[in-house]
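The block underneath contains the structure these notes are about, expressed in structure tokens.
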Amino acid sequence: MIKIHDLDVDVGEFHLRDINIEIKKGEYFVILGPTGSGKTVLVECMAGIHNPCKGEIWFNDGNVTLLTPEERETGYVPQDYVLFPHLNALENIQFGLKIKNHSKKEIEKRVGEVTNRLNIKNILYRQNPKTLSGGEKQRVALARALIIKPRLLILDEPLSALDPRTHEELQRELKRIHKEIKTTTIHVTHDFEEAISLGDRIAVMNNGKIIQIGTPDEIFRKPKTESVAKFVGAENLFKGKVIYSDNGKGISRIRIHGMDTNIFSLTEKVGAVYVSIHPEDIVLSEAVCKCYNDKNILKGKIVNIMDKGSLVRIIVDVSIPLTVLLTRRAYLETELKKGSEIYVIFKAMNVHVF
Amino acid sequence: MIKIHDLDVDVGEFHLRDINIEIKKGEYFVILGPTGSGKTVLVECMAGIHNPCKGEIWFNDGNVTLLTPEERETGYVPQDYVLFPHLNALENIQFGLKIKNHSKKEIEKRVGEVTNRLNIKNILYRQNPKTLSGGEKQRVALARALIIKPRLLILDEPLSALDPRTHEELQRELKRIHKEIKTTTIHVTHDFEEAISLGDRIAVMNNGKIIQIGTPDEIFRKPKTESVAKFVGAENLFKGKVIYSDNGKGISRIRIHGMDTNIFSLTEKVGAVYVSIHPEDIVLSEAVCKCYNDKNILKGKIVNIMDKGSLVRIIVDVSIPLTVLLTRRAYLETELKKGSEIYVIFKAMNVHVF
Amino acid sequence: MNVFNGIFGERIFKAATLSALIFFILFLVGIVVSMICYISSDRFISILFSKEIIFAIKLSLITATIAVLISVAIGIPAAYALSQTEFWGKDIIDTILDLPIVISPIALGAALLIFFSTPIGSGIEEHGIKFVFVIPGIILAQFVVVSALCIRLMKSTFDAIGSRYEDVARTLGCNKFQALFKVTLPLAKNGLLAAGILTWARAIGEFGATVTLAGATAMKTETLPIAIFLSLASADVEKAIAVILILIIISITSLFAIRKIAGSGWSI
Amino acid sequence: MNVFNGIFGERIFKAATLSALIFFILFLVGIVVSMICYISSDRFISILFSKEIIFAIKLSLITATIAVLISVAIGIPAAYALSQTEFWGKDIIDTILDLPIVISPIALGAALLIFFSTPIGSGIEEHGIKFVFVIPGIILAQFVVVSALCIRLMKSTFDAIGSRYEDVARTLGCNKFQALFKVTLPLAKNGLLAAGILTWARAIGEFGATVTLAGATAMKTETLPIAIFLSLASADVEKAIAVILILIIISITSLFAIRKIAGSGWSI
Amino acid sequence: IENEETQKTIMVFCGSASKPAMEEAARIFEEKTDIKVELNFGGSGTMLSQLKMSKQGDIYSSGSPDYMIKAEKDGVVYPETVKKIVYLVPAICVQEDNPKNIQSLEDLTKPGVTVGICAPESCCVGGYAVEILEYNNMSEKVKPNIIVHAESCSKTATLIVMDKVDAIMGWRVFSEWTPNDTDVVYLKPEELPSIAYIPIAVSIYTKDRKSAQKFIDFLVSEEGQKIFARYGYIATEEEARKYAPNAQIGGEYELPDNWKT
């Protein structure tokens, strides 16, 4: 459906380099990256707002690189919504159809459909779109983009800057709408949760480059580079060196940089590596339990307990600081305290090496 | 330390009404509320930027209601940072001291202290503060406020609009700094997690009014009204009616509105009530286990499973939809699927009635 | 502590800035009042309702309005190009735009007269519209004097709006023309209106270029400023002042009315 | 499909807006060129280096600069008050500010002359500074003509900055004065500079009010625009054109230089 | 277009020294004939410049002889059509009731008396003022009292009306324009080297020389002269001679170097 080939874009001092993306028809494609990584520049380039200085963009076997925005038929929902302040909500929504001189009846029909779907019938006549709340603005902008039945829907951080409740609601809605209308969608975000729960595939950007593309699981479980790992929140991330590699069994031992802590993993890599263990993959135990040789068991001391709402984050010092996540409920049942001695246990298969 | 008494403020069309707050010396006080609830207006009123039309503000037994901002000695870190664009980062930080004609040596000393503490030595000479990243801007704004050793530090949504990694880092830092310097701090946010993990006490605002003040536990476990409960994310929130109240034992039975589901709780309320059960307080079980009479055991069917990163959210239909939270690890070990039949179990003491 | 701090300092500050404004306004009002004292009301009324002055009022209002409409019509695309389009030599064009502001109107009028005696100019006069010493000359003179100011003011309006709304409008299917007419112009209307008002004010008071290009012929090319000049030319100071007051009253009430109407209905 | 769509439509659009701008610029350039054709270079050089014109150049540059400095000095607090302070009667004051733009400069000069013959005015003349027929009169005349424009332009700069930076500065311990000098003015400097440039351009070309209040005494109150007028009045068209060209060259190069310097070092 | 053929129009570039009378004369002429007269007023030199720059206009009339001489030299008028309409006699004009009691040229040298003249390089009446001062060897003594050069002769007259100076060197007729504000002090006949007149001529740019000539003929006719006399102008040479029997009539005056810039 969409093919981006070797794209380079310059805006002011900022450069996008070597962008290659293929998006399938009907796919929900997420672009994930930290602030200032160029996500907005990239999607605006697809929408035709920025011009690339190299490379090509294809929509459905048509080269659109030189087309103007109005010829591309993308539905773009900008990060800052950009509702037209001189029009009320309804007029904003009708805008694209009126421009194309659709009949009154057709306009009415489509407005009915889209406002039903987005549940915004009650705010259509609010005169000044600035008085709409964030969530309402977002829905109007989305309706304005959906009503023109775009070939490609681009959502630029549609959920950031919303309070968590509205955030969650809208996220659910986006999923539902995509299921219903099946438009190819690009969704820009810097929130992992959003990316995982919405994306069919995810592209991770940093510094104007795409550093990894894959399914959510690939990205979060197997980050290709340290920067992806760091960004996607691999919390227990350490430098290390493979000191013993038993290729036959696939088990290797890694010594953490500057420590004499050893960690077992299933990697076949050798030399200097990075190691990461997801906090929810670590079990806390008061005693050493029956153990197989592919398990890591380390003794440590609790140095910090952080209450994070429904989750509790516990830092255990096992010569290296390990972060462990528990549900609040589990935590309340354990009577863990700062200073308690404890074992941390995690499987070698859960040790991610790269 | 700070006493706000019957404050009414009007800005344009918006009104704050009947604000009463007392903040103790050294306390970390969080103001929590949805977008547009008037949080910023309230703290700007404390800083002296807005003038109240009724009521009084006292700092340390001094009435400051009529004082101008420069006389109040608050350190205000605005939501949008408002770094002075004609000054570089260092000059921004020195601003307050230079205004007060402090000696060069003193300025240097204090800049050294604060930049060390905030770890921003490397960006001090960046000419245009607009090129700083969000996190860096936030630190500079914080340094600029801290350096004048304010009597009251006001942080307006210091962490929103940051990507989660930076968000988490800065949150940890704020906690550390507050521990070190012990300045009375007001922190505005719309994020529950932030509120819980930072706040000594929390005030919840909505529509220009304070609807509840209390410790994090009080707010999240015992929301006083439906709107607090809804806002603080009480996910399993249902309308119901107390149909049997056994005052002696403290156990009562509540019928969920329009259903014939019954839920046991420890309330002494009667009549129409709201019921909420926190998702992390619910246990899933494949079979009915040994049960006491204060436990709710309901049979249901899994209707949806949502992957949210380290957490998995499972919706179980037990005639009413119940949301249950599991860690990803627990989830992977259970082999739950959409459509599986299952029991949900939660204690009567975890059913919150209001 | 310093006296400029606190609520007291704030009051001093407010007093200081307001008094600069009020000093300036009082100075202007003082000038007008000293003129009012100069003439008798009988004389004023008789001048106001004389055929000559009624003609001049009409001519002034009509020509200034047409000149402003033309300035706006040419100025909108020109200001848009200057604000939103990048091209080579933009800073040179920017500086050339100052020409009509720098050159005093009389000189500008002289330059126009000379221009119309060149082959090109006389070609325009013979085969197109006649400008020299006729009413279109008034409009042209006012246009030349005010248009650069109008373009500058409208440019800053377009600068403030930026290209973001247009970009989004284009993703919704607008071509550049539609984007301009459906989005940028409606958004700019307050700024354009303010520019138009200031330009109109300048046009209605225009004298130097008008008198040189269109001449000072009573009842033919006599706008209010030229009526003032003609009164002074016959040393009739009292009549001159009466006409000045008429000019002030007419234009100030028109401006006040435009602002009020615009302020209520037009705001974004 | 419509021809205005797509890349082709975009080109048409660009061509249309740019051509409005270029048409306007060509018109201005055409006028200047038709003047250049009118005179010989020998005559031009001899006029340029005549004592009279060198005096006029100096006088013009000095008086316009002083007038702009005074306008800015009074204009900054006045514009600040108009932009940031709420007070009763603001819209009336706003309209009064249009007075000096509406009244043609000759009438304004006459009004000033009359003002200085009232008791207050002659009091100022006798016990303060003399204005009538002397150089301070030139400065006053230019000031009155340009200051309102200057205030309007600076007001919109202050409007754009808003009060947010000042509010934050004040929580850091600034009183209102410090907030103005340490924050708002540095932030406004580009806008103030642009206002200053436009005002200067208008002041250097000012003729009508100057000649009425300060007279046209050669080598005493003869600015460049007055030199142009005196040449025209002695029917020496060639000299008039030469002086117009001198005025254009001097002011355009000054403006270009100011813009360049400002554009490089001053931008925020 | 049809209207243009039936209605003849002539345009007159006219120094404002003759404004009030010229307006009335034009009105009466229009009533008598079917020729419309458009009068364009301004300084004599300015009008000549405008004529030269625009290359349009039918009649030129300056406020004093020297600009007509210049116009003849520049070849913008037909020399054979030049006519004198009325005569102008230089005089000192003072404020109403003569508060500084100025009675003679001599009095202009008194300290504290402020004097205005018209800009001598560009304005006719300015040149005459300088000529008188030079002729009577008083220019160095009066010069310090001259505080302003006005840019046109009407502005010079306005100086007295607005009480900006104590005396101006102007035309006798100024006092006729504003009799309530201006008093006149006559110079002694021997102090006057020359008197001026208002000339009129057909411009070479005319497109209707016949009509132009008709208007000039009307002005110099008895009827025309009467109109001017009504406004205080001196219509005949004999009358003018009463004020200055020996003076030269018109003629060019070369500004001496000490008055040049």
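Worth a mention:
Labels A, B, C, D and E are assigned to the chains in the order they are written; within every chain, residues are numbered from 1.
Note that contacts are C-beta pairs under 8 Å (C-beta built on N, C-alpha and C of every residue); 3 or more make two chains touch, one makes a residue touch a chain.
Just so it is clear, the structure is predicted and the values come from calculations on it, not from any experiment.
Chains that touch both subunit B and subunit E are the following: C, D. Counting contacting C-beta pairs between every two chains, the top pair is C-D. Least-squares overlay of CA atoms from subunit A onto subunit B yields a rotation of 180° to the nearest 5. Centre-to-centre spacing of subunit D and subunit E amounts to 36 Å, using the average Cα coordinate of each chain.
Chain centres here are Cα averages; for subunit A and subunit D they lie 55 Å apart. In subunit D, the positions touching at least two other chains are 5-6, 9-10, 114, 175, 178, 229, 232, 237, 240.
Counting only residues that touch two or more partner chains, subunit E has 49, 53, 152, 155, 162.
In subunit A, the residues that reach two or more other chains under the touch definition are 68, 70.
You'll find the chains touch as A-B, A-C, A-D, B-C, B-D, C-D, C-E, D-E. Of all the residues in subunit C, the ones that touch subunit B in their complex are 5-7, 9-10.
On the side of subunit C, the complex with subunit D involves touching residues 2, 4-6, 9-10, 13-14, 16-21, 23-25, 28-32, 34-35, 37-38, 74, 76-78, 80-82, 85, 87, 91, 93-108, 110-112, 114-115, 118, 120-121, 147, 151-152, 156, 160, 175-178, 180, 197-198, 201-202, 204-208, 225, 228-229, 232, 237, 240-241, 244, 247-248, 251-252, 255-256, 259-260, 263. Residue ranges on subunit E touching subunit D, taken from their complex, read 43, 45-46, 48-49, 52-53, 67, 70-71, 74, 116, 119, 121-123, 147-152, 155, 162-164, 261.
Within the complex formed with subunit C, the residues of subunit A that make contact are 44, 47-49, 68-70, 72-76, 78, 82, 84-86, 95-96, 99-100, 144-145, 148.
Subunit B makes touch with subunit C in their complex at residues 66-68, 70-71.
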